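There are two complexes below, and they share chain A, which is joined by chain B in the first and by chain C in the second.
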Partner chain A sequence: MARLIVLGGGVSGHTTATFAKKWLGNDHEVVVVTPNANWNWIPSNIWVGVGQMKKEDVVFPLAPVYAKAGIDYRQALAVSIHPDGKDGSDKPYVTIKYTGQGKEGESEEVEYDYIVNATGPKLNFDATPGLGDGNGQMGPHTVSVCTADHAAHAHSELMNIFEKAKSGDRQKILVGTGHGMCTCQGAAFEYIFNIEHEAKKAGVRDNIDIKWISNESFLGDFGMGGLHMKVGGYVVSSKLFAESLYSERNVPWIIGAHVNKVEEGKVHYELLDGTMGEEEFDFAMLIPPFSGVGLKAYDKAGEDITSKVFNPAGFMKVDGDYNPKPYEEWKAADWPRTYQNPDYSNMFAAGIAFAPPHIISKPMKSVNGTPINPTPPRTGMPSGIIGKAVAHSVVDLIKHGDNAKLHEASMAEMGAACVASAGKGIFDGQAAAMTVYPVVPDFEKYPGTGRDTDYTFGEIGLAGHWIKHILHHLFIYKAKLKPGWTLIPE
Partner chain B sequence: MADTKAKEEELNFTKEQFSLTMIPGKFARFLRNCVIFQFIRFIIINVKMIIVVQKSH
Partner chain C sequence: MVLPLKKYPDESININAGPVRSFKDGFTQMKEDIIDTMKEHNLDSLSAVEIGYGYQLMVLKIEDNYKVFANPRVITQKESFISKEKTPYLFNREIEISRYQELSLVYDDENGDMQSFKIDNKELASNFLRTLDYLFNTTILDRLKPEYRDKVVASLAGKCEMPSFLDSTCPTNSKKDYFISVADKLLFFMFISLLLPLFGVSKETLGSWYSYDKFAFVAVWVLLVGFFIYAQYEAKKYKQCTSCQIGNQIGFVVKRGFANIVLFASAYSIIG
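On to the complex of A and B.
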């Protein structure tokens, strides 16, 4: 009997664990180590952040789902990986520290045959002074929508702002990224337009100034270097598409900005041209930069081999081409295909936890030398697809031995579908529905835009809202492993 | 006094940052919320997304 341990029960890890267990059956063990008691459909946190959904609508408890699936669920944080075992045993293991199940604070060593790291991002608030509280958590000056709890808190703060605006007190809202190296602009983009929509609905829009701040060098970069899409018979840059959305809604922007300090009611930032600026706010939602979750790795002798297994940002090295090279030489082939660690063939990473070979957007530095560019997004669809491909590979390795062919899921050969709502109504508000194919541009295959413009498109309208509603219910249904769940694609 | 012919969507062009962008007019905005038109787009977008999903697996 082989044991697969999946670290992280989020979008990617949950996909890996559930498919692996389904395919392996009871002949082998699947263990999930994750600190959270609930699964969260993160995209709908945006609606929690404007009060259109409650936290309970976007989460459900993992324990009964894993019990039904026959998955061994340990509510714990993975702390360190020991891929060579320890003195007296060659068996690899992981050390974990419980966060629930009545064993809070207890540590344990769990042996494995295969391990998948799907621990997602650490929300690195402390990378920007004042954005964090100095202890790794969100600071007191801004809000976030990255977790369901954060989003519920953001909503209550937003309601205070709306109340003040109602009573005639002019308010200022700032939304965007809280550091020069952030990703996930799409979430902030969706949140700002939901706020704008709700402010209109509440009749307070005229008394609220709403502004965007981000590290993108142009609006619509989204960490993918922008995209060209077919709209109204033209092939246009996402810059035009995004600028139009902001202009239509009277939302000015500050771009190419590295937020370097946050204080009560004020951010300080540096722009690509080297100038320094300040922006005041009454309410700010700033996405923190992401890093790896800080897993350590040790060899048999107990020597720290973290830098061998993880990149400096804490993401796990896999089969990407990590040789540094200039932007002009970046290729689609640099991107990983199997997500297998080069040193340990029984170790994989999926979702945000894998180390990208480089960013996707054009690298930028301010004239002072500060890097200001989005880091690559690994959104829900790629995270799910990678999680499933990795599950497939591990299952084949277990069933057919070490020579089994690994499954591939390169982000340079995979698309992503995104729906950014502006409101939640069935008959009011509008969403931007977008697909991009492939996520990582391939200029050899698609000279010109780097992408297939037959499958890279964006449009705005109610239809996107309906799709977002359907995705919300469909993915929660799937994650609960309800009948037919395997038929729903990632 | 000269007649003013203000169009709601054109007012934002007076702001410098928005002046070089494109802002949808009345008809484009109508289509975005027209249930019949959006139902057709819903089908088309879904088909396109399903193709992208299939190509990605």
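On to the complex of A and C.
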């Protein structure tokens, strides 16, 4: 009997674990190690953040789902990986520290035959002074929608702002990215337009100034170098599309910004052109940058091999080309295909946890030398697809031996769909539904933009909102492993 | 080499311009072609896209120098004003459009090194912003208010003089809204008819109202179909308009269609 350990129970880890267990059956063991008790459908957190959903609508307990699936669930934090084993044993193992199940604080060594690192990101609030509390958590000056708890807190703070606006006290809301190297502009994009939508519904829009701040070098970059969208039969750049949307909703913007300090009611930022600025706010939702979760790796002798297994940001190295090279030499082939660690063939990474070879957007630095560009999005659909491909590979390795062909899911050959809400409501909701192919531009195959415009298009409207709402229920249904769950695509 | 300039209605102006990644031979050729074409046509600015290259490269004539901007981005813009400007794509017809006078830019220079640049001059800023738009699949027409754009397009077709009107934003009230407005009024009176039995209205009067309901039921469907067809036409014409996309149109039709069915079914059971 082989044992697969999956670190992480988010979109990617949950997908990997559930498919692996389904395909392996009871002949082999699947263990999930995650510090969280609940699964969270993160794309709907923005609706929790404006009070259109409750926290309970976007989370569910993992334990009963894993019990039903026959997956060994350990509510614990992965601390270190020991891929060579230890003195007296060649068996690789991972050290975990429990956060629940009545074993809080207890440590344990869990041996494995295969391991998939799908921990997701650490929300690195402390990368920006004042954005964090200095202890790795969100600071007191801003809010976040990155977790369901954060989103519920954001809603409560937002309601205070609406109350003040109702009483005639003019309020200022700032939404965007809290660092020059953030990803997930999409979540901030959704949140700002949902706030705007709710402010209108509450009758306080006229008394609230809403402003966007982001590290994108142009509006509509979305961390992917922009999109070219087919709208009404025409191809439109996401820049024009986004500028129109922001203008229509009376939302001014600051772009190319690295937020370098947050204080009570004020952010300080540096722009790509080198200028420094400040922006005051009464309410700010700023997405933090992501980093690896801080997993360590040790060899058999106990020597630290973290830098061999992980990149400096803490993401696991896989089969990508990590040799530094100038932008003009970046290729689609640099991106990983199998997500297998080059040094340890029984080790994989999926979702945000794998180290990208480079960013997707054009690299930018301010004239002062500060890097200001979105880092590659690896969330949502790509995360699920990669998780499933990795599960396939591990299952084949277990069933057919070390020579089994690995399954591939390169982000440079993968399309992704994204539905970004711009306001919730069964009759007055709006969302931008977008597909992009490939996620990572392939400049050799598609000269110019690197993307196929036949498969890269978008549309904004009420139907998009309905799709997003349907997807909310569909993916939670799938994650709960209800009948027919495997038929629902990632 | 002087290359031919794209002219309206050549839709190949909408090629997707990718970032300039290499600053070697191909780049030099492209840059020289742009400058040669500018000199030939006495232009103050020109993008690679206007002569058929799908890259984010443009040249701005500043005094007597040709300044090259690869991968340009506008970081801040201030002080809006109404610019009267011409572009070869639209046969140098004068068009009024809202622009910003003060720009702060970043771009890659001819060695691929990132630089910043500031513009505080109405003419230079207009030239820069208009040319930059071509790099993002946008022409000056896309930034015009639909009513004005209609007139400009008609003028380009030789149907009228070039109009004088301005703005650069999306329509907030387009002609398709008339269909919805009339449908809403018909639906409102269908709703009113349902309340009449509460006031002891005579059978004859109720009969007349029921005839109205039957007429309105059909008329609302006709209006919704008309709305949908016209909205499709508008969506194709005003591609920068995010409020006239098919999702919204479906939403409008489904909402009114549903209300129409419910109101008529209620009228049938209560009055009919």
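Assume the second predicted complex is superposed on the first by the 489 of 490 C-alpha atoms of A that agree within 3 Å, B and C clash if a C-alpha of one lies under 4 Å from a C-alpha of the other, contacts with A are read in each partner's own complex, and residues count from 1 in each chain.
In this section, a residue touches a chain if its C-beta (ideal position, glycine included) is under 8 Å from a C-beta of that chain, and two chains touch if they have at least 3 such contacts.
Predicted model only: the values in this text are computed from it and were never measured.
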{"item": "Combined model on chain A where chain B meets chain C, clash or fit", "value": "clash"}
{"item": "Which superposed partner A:Asn250 touches (first chain B, second chain C, both, neither)", "value": "first"}
{"item": "Which of chain B and chain C A:Leu272 touches, first, second, both or neither", "value": "second"}
{"item": "Which superposed partner A:Asn38 touches (first chain B, second chain C, both, neither)", "value": "neither"}
{"item": "Touching partner for A:Thr370 - first (chain B), second (chain C), both, neither", "value": "neither"}
{"item": "More chain A residues in contact - chain B or chain C", "value": "C"}
{"item": "First (chain B), second (chain C), both or neither touched by A:Thr435", "value": "first"}
{"item": "First, second, both or neither for A:Ser80, with chain B first and chain C second", "value": "neither"}
{"item": "Touching partner for A:Thr453 - first (chain B), second (chain C), both, neither", "value": "second"}
{"item": "Partner chain in contact with A:Ala417 - chain B first, chain C second, else both or neither", "value": "first"}
{"item": "Chain B versus chain C as contact partner of A:Ser217, first or second or both or neither", "value": "second"}
{"item": "Location of chain C clashes with chain B - one stretch out of 6-14, 24-32, 114-122 or 240-248", "value": "240-248"}
{"item": "Contact residues of chain A, present in both the chain B and the chain C interface", "value": "240, 244, 247-248, 427, 430, 433, 459-464"}
{"item": "Interface residues, chain A side, partner chain C - complex", "value": "217-218, 225-226, 228, 231-237, 239-241, 244-245, 247-248, 254-256, 271-275, 327-328, 330, 362, 364-365, 367, 427, 430-431, 433, 441, 443, 447-451, 453, 459-465"}
{"item": "Sites on chain B touched by chain A in the complex", "value": "9, 12-13, 15, 17-18, 21-24, 31-33, 35, 37-39, 41-42, 45-46, 48-57"}
{"item": "List of chain A residues in touch with chain B within their complex", "value": "240, 243-244, 246-248, 250, 252-253, 381, 385, 388, 409, 413-417, 427-428, 430, 433, 435, 437, 455, 457, 459-464, 466-467, 489-490"}
{"item": "For the chain C and chain A complex, residues of the former touching the latter", "value": "14-19, 21-23, 54-55, 71, 73-76, 104-106, 112, 114-116, 118, 133, 136-138, 142-143, 169-170, 172, 232, 235-236, 239-251, 255"}
